[in-house]
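Shared between the two complexes below is subunit A, which has subunit B as its partner in the first and subunit C in the second.
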Partner chain A sequence: MMSTAVRLRVGLSATLREFLREPLNVALLVVLPPVVITSYGSMMGAFPRLHSMDAAPGTLGALNGTLFVATFLPGVIGLFQVISARSADERLAVCGFQRPVMFTSRLLAVVAASVLTAAVSLAVLATRTDVADPAVGFTLLAFVGVLYGLVGMLVGAVLPRELEGSLVLIFLADVDELMSSGLFRTDSVLVELLPMHYPHELFQSAVGGETLATGTVVASLGYAAALFALALGVYTLVAGEGGVLG
Partner chain B sequence: MSQTRTTLEMGLREYARTPVLLALLVFLPAYVILFFTRVVPERTVPVDVPGAGMLAVGLKPTVAALMTPMVAALIGGIAGLFLMQSARDVDSRLVVVGAAPRAILFARFGLLGFATLLASAVAVAVMSLTYVPDQLAPFVAATVVSGLTYGALGVLAGLVLNRLAGVYLMMFGPFLDIFLAQSPLSEGAPAVAPYLPGHYTVEMAFDAAFTAGVDLATVAGGLVYLAVVAAVAWAAFSRTLRST
Partner chain C sequence: MPNIRPEVAADGGIADERPDGTSRPEETARNDEADSDVVLRATGVGKAYGSRLPVGRTVEVLNGADIEVRAGEVVGIVGANGSGKSTLMKILVGALEADAGTVESSGRVGWCPQEELLYDRLTIRETFRLFGEAYGMDREAVADARDRLADQLGFEDFLGYRVDHLSGGNRQKVNLAVALMHDPDVLLLDEPYTGFDWDTYLSFWELTEELKKRGTSVAIISHLINERERFDRIFELADGTLEDVTEEGSTQAGDAGVR
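Our next item is the complex of A and B:
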């Protein structure tokens, strides 16, 4: 019998190999961050400084673009990790692989993508604005990547096909991004339910050299822990069964 | 004609067999428009309306008028992308067994039109709960054209990109184009804005939402843009059917 560590390694290496087999996937992780961050920064730079903005529009745009790309690239990878591998995972389960182990190996691939995207995104951001605390900034970007990777995995476990999963993820991601963009300021508690709400505040503090608010850190970690538990629970229950809504 | 009808019916039946998809086509536009019209604060902002210059307009109607074509674009783009990804192999086999490529093309584009119309209708209906555009019909037209334009672009993306790259494109594209580059809240559009797919449709939407007239040149521009993109998508899809 294979140990859990070996199974994790096998699962991760298979997932990474599958991803790397298409060079376009890797190219996207490297090419998209500069394109999105630069476009976002320059387009938002044309906005007037609204009273809802905490920084100059161009700087805020680059910062938003960095979070946007560092978050949603791993999110989509998380989605496809689960949806495209559903039947394969079911066969692995028949062969004795435990679902939590399969979930973890897929999550590790998301973590790898998050780390790579975070590094590239932060490097691009640093060319447009000063990043006061790069280490914390990098950690936060990788963190939001994993957070959205979990969202993608959860959506992928619940919905039966790529079309439906992509629709949900894109709408959630774009709404989340718009609400944290600084274009609107609202007191609605609905906004606090969005995954990027707290990490956005933290990242802005890290870039600006401010101390991270303990309450916001705790809220972010709590959100991530709850999301992890939910994604793991749903995946374990329904993966391979056609999805909850299938 | 009967081949077109049969293929279209099969596509619609596949949609009907996946109620989750139909529910999402209704729910997602409603959710986005409702969410924004609920959380955006009540205040007035200066908006550069193409047909009327700077106007003081409520932020809620402004955001609703911007989000409605964007929602249609997102749904159209993703529907076009996956339509192509899922139909390519099947359609090639249909051609091998004697189906006319033209009939398949009409049916697939008809299906894309159905998804876009449904999403547009829901988006405009929900928007109307908060703000009714001054000219409803042109506003609906702007929303539908926005969805169809991005739908045709989604078809092209489905032909040349894999699904991961296609989803990235459809995630970032409409957002950067419609919400940032075309935003009437912006003081100056970026140089690339007039060439982007959302340019004419957002101008049409804002004219229709807040003025009594829509510039015919803008309408023509939007329709020409759609015709060109749709023709390219049609030709590319047709070529795929014949070459496999």
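Our next item is the complex of A and C:
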């Protein structure tokens, strides 16, 4: 137990050093949220208010932009963590570093990035609209960040290269953000399988000062647990094989 | 360690897998003696690469490759480009699963891959700390191994440098040092001296001689083996199988293969 904790600490420390020593990584985490949230807000602000909208178009745009950036950045980080280091990870595993510990140390780095992105994104959102419950809003943004971090790690374990992985992630995040935004009403069960389906509703409640629906909270946590198990299982089984489709 | 399935006999050698009654008693005794020296054995290793997509084609790389490496032996494995040398090496260390055959090892295995499989933005010190943790070494043992190998291979001035800031030769030295830091019983090296200057090349062979004296086995895979007198045995990998060509020299790789 003790040795696993030490190994986890060493793995996390190495992962964070690797990440922080690339200045562009940190710059993107700080610069992209204001750019994306402002752009989304301005673009949607030019739309007329539709019947299906729960708030003013500009506010909805900023909300959607906040969720998009808080999910997409950790997703990309999760993806690159797995794909870029695949060969070195393979050697480390052969030397005796257990893959589940490796996975956990990479996930913890994704959590750190999610927390940072959530803080910056929420701060930017607060300049455009009132956030009734900032603590819950922050927690939810960090939560969706970790969700997409797991999605990124899952995609990274399956696909062989960064290019394909990034394209899949962009497509998924775009569709997810659009479908969960409430702009389009649909009864499709498939929409419920998208990662942001439940958290989006919770985040809107937190910003609007409404009570969070218990069923939606439970569904979000259940989704996260299932995604964690899936990502860990796939990573442990196929990451060393160069991706399932390699 | 995945794929390496240690089957160690009571005397420390690899467990005898022959069925009863297949050899004479004196033959069995001789074989047992030889077996106790074997630290790595691969039997009937087969491997084919195929795409998981329906449109890809399958390429058979290894087809019943056998090899035994004994304690304190320096073995060369030569083969033409694309003959499957690196695939064989990955299977021997457990980085790749074979489609057929078995690999057994009776001790710690060190692997120096052809490409430097290291983390670019970690310093050499941090690299040793991370891989030392993987090997299960404590901080003191890691520091001892790091300083000893840095001194032997000549990268002691760069311990605080990031891997991506090192020259190609120094990266290769660190690559080798990571394979050696846990004092392995068998060291498997894939094209180890690519990028070495002459002094480092000589240091490498001094180190190999030292390891050999300590009973460490060294298997070197290369498309070109110079100075064949440095090797106890040389195998040639061709058509998916390994053949002992210590006496006659390489046929498939031609004169360019073994000198």
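By our rule, the second predicted complex is superposed on the first by the 243 of 246 C-alpha atoms of A that agree within 3 Å, B and C clash if a C-alpha of one lies under 4 Å from a C-alpha of the other, contacts with A are read in each partner's own complex, and residues count from 1 in each chain.
To be clear about the criterion, a residue touches a chain if its C-beta (ideal position, glycine included) is under 8 Å from a C-beta of that chain, and two chains touch if they have at least 3 such contacts.
What you are looking at is a predicted structure, and each value in this text was computed from that prediction instead of being measured.
Engineer: Could you classify subunit B and subunit C on subunit A, in the superposed arrangement, as clash or fit?
Structural biologist: fit
Engineer: Between the centres of subunit B and subunit C, viewed from subunit A's Cα centre, what angle do you get? Round it to the nearest 10 degrees, please.
Structural biologist: Between the subunit B and subunit C centres, as viewed from subunit A, the angle is 90 degrees.
Engineer: May I ask you to decide whether A:Asp54 touches subunit B, subunit C, both, or neither, giving the answer as first, second, both or neither?
Structural biologist: A:Asp54: touches no partner chain.
Engineer: Given the touch rule stated above, what does A:Ser188 touch, subunit B (first), subunit C (second), both, or neither?
Structural biologist: first
Engineer: What is the contact status of A:Gly96 with respect to subunit B (first) and subunit C (second): first, second, both, or neither?
Structural biologist: second
Engineer: Looking at the overlay, does A:Asp130 come into contact with subunit B only (first), subunit C only (second), both, or neither?
Structural biologist: Touch status of A:Asp130: no partner.
Engineer: Classify the contacts of A:Leu32 with the two partner chains as first (subunit B alone), second (subunit C alone), both, or neither.
Structural biologist: In the superposed model, A:Leu32 contacts subunit B only, not subunit C.
Engineer: Just checking: does A:Glu210 make contact with subunit B only, subunit C only, both, or neither of them? Give me first, second, both or neither.
Structural biologist: It touches nothing on subunit B or subunit C.
Engineer: If we overlay the two complexes on their shared chain A, which of subunit B and subunit C does A:Glu18 touch? Say first, second, both or neither.
Structural biologist: The answer is second: A:Glu18 touches subunit C but not subunit B.
Engineer: Which partner, once the models are overlaid, touches more of subunit A's residues, subunit C or subunit B?
Structural biologist: B
Engineer: Name the contact category of A:Ala46: first (subunit B only), second (subunit C only), both, or neither.
Structural biologist: First partner only, subunit B.
Engineer: A:Leu159 in the overlay: touching subunit B, subunit C, both, or neither? Say first, second, both or neither.
Structural biologist: first
Engineer: Quick check on the superposed model: minimum Cα to Cα separation from subunit B to subunit C, whole Å please.
Structural biologist: 6 Å.
Engineer: Would you mind listing the overlap between the subunit B footprint and the subunit C footprint on subunit A?
Structural biologist: 22, 245
Engineer: Can you check the complex and tell me which residues of subunit C touch subunit A?
Structural biologist: Residue positions touching the partner: 1-2, 52-53, 93-95, 111, 113, 115, 117-122, 126, 129-131, 133-136, 162, 178, 182.
Engineer: For the complex, which residues does subunit A have touching subunit B?
Structural biologist: Touching subunit B: residues 22, 24-25, 28, 32, 36, 39-40, 42-44, 46-48, 50, 61, 68-69, 72-73, 76-77, 80, 159-164, 166-171, 173-175, 177-179, 183-186, 188, 190-191, 245-246 of subunit A.
Engineer: Quick one: which bits of subunit B touch subunit A in the complex? Just the residue numbers, please.
Structural biologist: 18, 20-21, 24, 28, 31-32, 35-36, 38-41, 59, 63, 74-75, 78-79, 82, 85-86, 161-165, 167-168, 170-172, 175-176, 179-181, 183, 185-190
Engineer: Help me check something: in the complex, which residues belonging to subunit A touch subunit C?
Structural biologist: Per the stated touch rule, the residues are 3, 6-7, 10-11, 14, 17-18, 21-22, 85, 87-88, 90-97, 240, 244-245.
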